[in-house]
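After this come two complexes, each holding subunit A, first together with subunit B and then together with subunit C.
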Partner chain A sequence: MSQKETKSLWAEALQRILKDKVATLSLVIVVIYALIALLVSLGLVAGDWATAAGPENMAPNGDFWLGTDFLGRNVFKKVIYGTQVAMSVGLVSSLIAIPIGISLGAVAGYFGGIVDEAVVWFYTTFSSIPTIMLLISISFILGKGINSVYIALGLTSWVHLCRLVRGEVIKHKNRDYVQAVTAIGGGHTKKLFRHILPNIFHIVIINASLQFQVAIKSEVILSYLGLGVQDVPSWGKMIDDAKQELIQGHWWQLAGATIAMFIIVLAFNILGDALRDALDPKLKGKDA
Partner chain B sequence: MIKIWGFVVLVLFIAASCTKNNSEADGEKVLYISTPAKVKGFDPNEASDLYSGNEVARVYEGLLQFHYLKRPYTLAPNLAEAMPTVSTDGLTYTFKLKKGVLFHDNACFPQGKGREMTSADVVYSIKRLADPKLQSKGWWLVDGKIAGLNDWREKNADAELVDYEAEIPGVKAIDSHTVQFKLTKPFPQFLYALAMPFTSVVPKEAVEKYGAEFLNNPVGTGPFTTETYTQSNKIVYTKNPKYRDEFYPSEGEEGDEAKGLLKDKGKKLPLVDKLVVSIITEEQTRWLNFLKGKLDTMSIPAEQFNQVIIPGKGLAEDFTKKGIRAEKKVGLDVTYNAFNHEHKLFKNNLKLRQAMSAAYDRDKINKNFFYGISVPAQSIVPPNIAGHIEGFKGPYQNLDLEKAKKLLAEAGYPNGKGLPEITYHYKYDTKARQMTEMFQQMMSKIGIKIKPMGVTWPELMKLVNTKQTMMFGMAWGADYPDAENFLQLLYSPNQAPGSNGSNFHDPEFDKMYEKASVMGDTPERTALYEKMYKYAAEKTPLIFGFHRVGYGLLHSWLKNFKFTEFTHGISKYYDIDMKTKSENIEKL
Partner chain C sequence: MQLIQYILRRLLYLIPVIFGVSFVIFILFNVVAGDPTPLLLGKNATASQVEELRHQLGLDRSLAAQYFDIVKSAFTFDFGRSWATKQLISEVIVNRAYPSLTLTVPAFVISTILSILISLVVAYYRGKGLDTFIRVLCISLMSVSSLVYILFFQWFFAFKLGWFEISGYEEGFPNFLAYTMLPGIIWIILSLGPDIRFFRTVILDEIYQDYVRTARAKGLSEITILLKHVLRNALIPVITYVVIQIPFLILGALLLESFFDIPGLGGTILQAINSSDFPVIKAFAILSSIAYIIFNLITDILYAVVDPRVKLN
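Moving on, here comes the complex of A and B:
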């Protein structure tokens, strides 16, 4: 009975999103970006971004939609490759942050007492360190490169989710359904992971979609500062190039990188909002 | 409520008027300059890079300095009263010191009053350069050259406390104002060493009081003083009110009179009251600051070059009508992409090095980043000093892809097959990254994969000093105008942490260097220098880049600017014409 209910929550959520045109468009955009990233990862597109495809600093034209850069590289291909970097950073850092956030938050909320105090103390301390400083120091320790960007962003972005999960678990742990599990002899693990977590998972989903775009923006900032990816294109590095190019009238690197970033960040934000509305149990059964 | 609001307004008003009074006091001459790299602090022992050295030399002084106006570069006394007397065997140098030179007032002295600098301080400072516990970056300068100094260093290496009281035969205080140096062997460049920031005179009291923090607490004899240094983006210096009687030079190079460089002759230095050095790493930011008149001088950024300098005409009208002037800067330097010869890939791998050098398109880099005006380096010695061969074409220093491919195959990596990815470290800024990407692209043409790694300057120095690189980008500016100063970059005893950061080791080269380094300035020495110049081109220990040429721009109000390779301590000669400044700053 309960399983069927849960299923219909997700189905209904999807239905609601599809009803909202803007949200649907956002979803499509995210899927397209993800596909591009996947194709780049498999080496099927933009693998030859590094070769000089044409003359240097050429303005956008039929052959090169976004022109070429100072080495004659195709800027459009760099934008495409940058998509892979951005999306993979979003994905991997979320994959690191979410398990940390869920497990610490769940454990703290569920067990309470000293465990809770320890976790709360830890994340309060942790979040009082300015994120960008933490990112920089982590990338100093781990060295430069995309792996440190993954880890740095993953390790710095779990606090928000942890707080939310802790709060939700506290709310749920004394509910009737959990007490029922206790009554039939379910242990802590079962209660927490089989019963409470599925009921709060929508929070994780919403948070992940917002986390994703924060990670993308952070990657751009890190790469702009020279702390991010090193030998592959990144939107941040393209914006960095533009600093010197704009004055010469070469606007296309900046345009390509910022538009690509703008679209995906906006799409994730809208999608995040839509997901929140769609997955909120309080709104269930009502028209959005 | 109204009362409180009024109170706030009043406080703000007072605060605002105070700041105004502090910074823009009537007629106070403030010189605004910038430096492109983080400064490591004010310890002369650590002043191994140009930028830190510049800051050190505003506060500290050594026995000698370069004459500001004379060319070719000539030494002049600084803390010394006159040039030293040298014994006939060229081993003993006797210096008389100026009398009445005071250290800056500082809490490290009794009652905070700076005492007189004496010969004991000179001896102390040289010992400090050799202190085994301090691992000075300038040790190479005196290593093995001053009698007894190496023994003293070794004896104290394991001692708990370094014994500064012990006498060293090679550096002695004869009386309170006479210092005598005894060298182990003739070292004609020794006097140049005494004009470098490394050999600046520091007071024992400050070193002892501040310990590790001495780095941030400069106490010298120099023309300017500054507060405790914090790693900030701005260093503010004020004129040392007790600066000794030091005057603007009364003679210079031919033509200096006409350029107005001698107008201030005989005036007491320094000429400005305050000096503000901004640390701005981005060229674009420096440029905008210069255009707004917030910096008094800077080099023309490569991207701006064709808007600023019109070929055949000189400075563009946009600039001349604002009173801005341009000065050509022909530097004594060389840039290079270095191999780490301790790395197994490059050790004794001559053909690989030659292949990479031949695949490096210097003209393209020159055009893109130096506006085509720099000189592609054929070997290690820059133009305008003996040892450089004008018109010499290095065998592997000019683009030849066929040759490069052939050499690479001979090295055992046909089309780069079997060659691992090569990590290349460089000091990160946008231009350096773009230059590295271009280098990466050039190498990919013969199948070599380069992995660029942009790091901060201190990080890069650390990696190089601990031999942890594969390849890295670096440049060397002359410490003194002698080819020996460039050739020593390849001398194997100078390996990291010394100046031979590439750890090149070639017994043949070492032998020639050892012979040349004790020779006086003779045609034989020049011939030997030239032989080494060609030898270095053949062995390709580094991918030689450029001898950089640039233009410096200066605002109408900056007086007494003359381009010099030896920028240490020159800010005391600069002057600001306040009247011109107030008139012209409006036009910017």
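Moving on, here comes the complex of A and C:
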């Protein structure tokens, strides 16, 4: 029963998004970026970004759409490679944050009592440290590199999801369909994993869509602080490079990274809103 | 009476949270971070030098004692001395707070008022072209990295056009204005997107309530309804949203201060990161958390005082 309901909800949500032209376009953009990231990961695209392809600091032209950087490297290829970094930062940090958020939130909401109090204390503690301070502290302690960025972003972004999941589980656990499972002898695990969680999974999807754009934006700041990705190009590092370049009039590296980032962050923003409207009418427009 | 009980209970709850925050910081800096002595002494230090420094910094003591030191500092605000500059951290913070506040407070006040005004106008024209335009503008503004605004504005308005000082700071009003104006404008632009989106939602949430329909039915004009009824009811979430941001004003504007060379708290944090100055980073993490906890408490109390619907148990 619950399976069937979930399916129809998803189908309906997809339908609603496809009806909205702007949301559909955002979805297409996200898929394209994901494909580019995948191709880069497989080494099929932009693998030769590091070779000096032309003269140094050349302005955009027919051969180099976004010009070359101070080592004569093709800026367009760097932008493409940066897509992989940006998408992976969003993906891996979500893969860290989502299991923590769901499991703590679900356990707290479902069992209540002392477990709930412990979890609430735990996330209150985490959310009390301003995100930027926690982000900086964690990536500073773990050292430079992309793995630290993943972990720092993952560990700073589970709280919001945990709160939402906890609230929803509390609402759902006394509903009729859960009581029915109890009546036919279903245990805690079955109730929680087979029945309650599938019914609140849309929250996770909405959250992940927002998480991606936060992660992509945070990577830029960490790169500026010297705590980000080290040996490969990222949009953050390219924007950071522009500090020196702008004064000499070399704007293309900044422009390339900014535009690439603007499009995907905008797409995630719009998609996040559309998903929220489509999947959770109660939350419509709230908590932006 | 009930309110006082509520406040007391909430105050008591601060204690486990402060213990928790101290624990997170302890785990990060005293357990995971590893030995900082090679950073401070260089590679060629003798074993006895290392031993002496570890003793000086209190790193040879038990972990429990080190944890207790952090908890204690959260209550006494005595964070010891900076490893890099040897200054008392509490003094540094007091000295550096002023430049930060001259930048953040005016920018914060202006951006909040501006956002509320724009949200009211947008709510008045809801569903029309202007509303859509502002919504698209907000979401677009939010999709550009803050670093890009800073780089571009500094390069264009200060370097190219020469309208503002490129960087630096001078104490005293109105001297500091020449230096804080441009970073202040960038702060406002960065805040407008999220602020307007939030205020607009809050106002629109109220606009479809029954009392608004009643007000309309008795013939009040839309503007009177917006200003006298809707705004007053929307004020609770607005105040909450505003108050909870105050701790971040004290924390300063991390990136802005570093780009514009404003000797504030945000710049201090960045220096501390570059010189691996553990005590300073820890002090900022603890202080900003405490500020956040306190302002969070204030908003909850405000909520309880202002809104009779909030139950106190």
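As a convention for this text, the second predicted complex is superposed on the first by the 278 of 288 C-alpha atoms of A that agree within 3 Å, B and C clash if a C-alpha of one lies under 4 Å from a C-alpha of the other, contacts with A are read in each partner's own complex, and residues count from 1 in each chain.
Everything that follows uses one rule, which is that contacts are C-beta pairs under 8 Å (C-beta built on N, C-alpha and C of every residue); 3 or more make two chains touch, one makes a residue touch a chain.
Given the structure is predicted, the values throughout are model-derived calculations rather than measurements.
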*Quick one: on subunit A, after the overlay, do subunit B and subunit C clash, or do they fit? Just give me the call.*
clash
*Could you tell me if A:121 is touching subunit B, subunit C, both of them or neither one (first, second, both, neither)?*
second
*asked:* Looking at A:70 after the superposition, I want to know if it touches subunit B, subunit C, both of them or none. Which is it: first, second, both, neither?
replied: first
*Identify the partner contact of A:266: answer first if only subunit B is touched, second if only subunit C is, both if each is, neither if none is.*
second
*Touching A:244, do we find subunit B (first), subunit C (second), both, or neither?*
first
_subunit A residues touched by each partner, larger count belonging to subunit B or subunit C_ = C
*asked:* So in the superposed three-chain picture, is A:226 touching just subunit B, just subunit C, both, or none of them (first/second/both/neither)?
replied: both
*Look at A:135 in the shared chain and tell me whether it touches subunit B only, subunit C only, both, or neither; answer first, second, both or neither.*
neither
*Once the shared chain is lined up, is A:50 touching subunit B (first), subunit C (second), both, or neither of them?*
first
*Check whether A:192 is in contact with subunit B, with subunit C, with both or with neither, and answer first, second, both or neither.*
neither
_Colliding region between subunit B and subunit C, picked from 24-32, 60-68 or 78-86 after the shared-chain fit_ = 78-86
*Overlap the subunit B and subunit C contact sets on subunit A and report the shared residues.*
140, 226, 240, 243, 247
*Where on subunit A is subunit B touching in the complex?*
50-52, 70-71, 140, 144, 226, 230-231, 237, 240-241, 243-244, 247-248
*So in the complex, which bits of subunit A are touching subunit C?*
121-122, 124-126, 128-130, 132-134, 136-138, 140-142, 213, 217, 220-221, 224-227, 235-236, 239-240, 242-243, 246-247, 254, 258, 261-262, 265-266, 269-270, 285-286, 288
*Would you pull the subunit C residues touching subunit A in the complex into a rising list?*
16-17, 20-21, 23-25, 28-29, 32-33, 139-140, 142-148, 151-152, 155, 159, 194, 197-198, 201, 204-205, 247-248, 251, 254-255, 269-270, 273-274, 281, 284-285, 288-289, 292-293, 296
*In their shared complex, at which residues does subunit B touch subunit A?*
282-284, 303-304, 368, 428-431, 433-434, 437-438, 440-441, 444, 450-455, 459
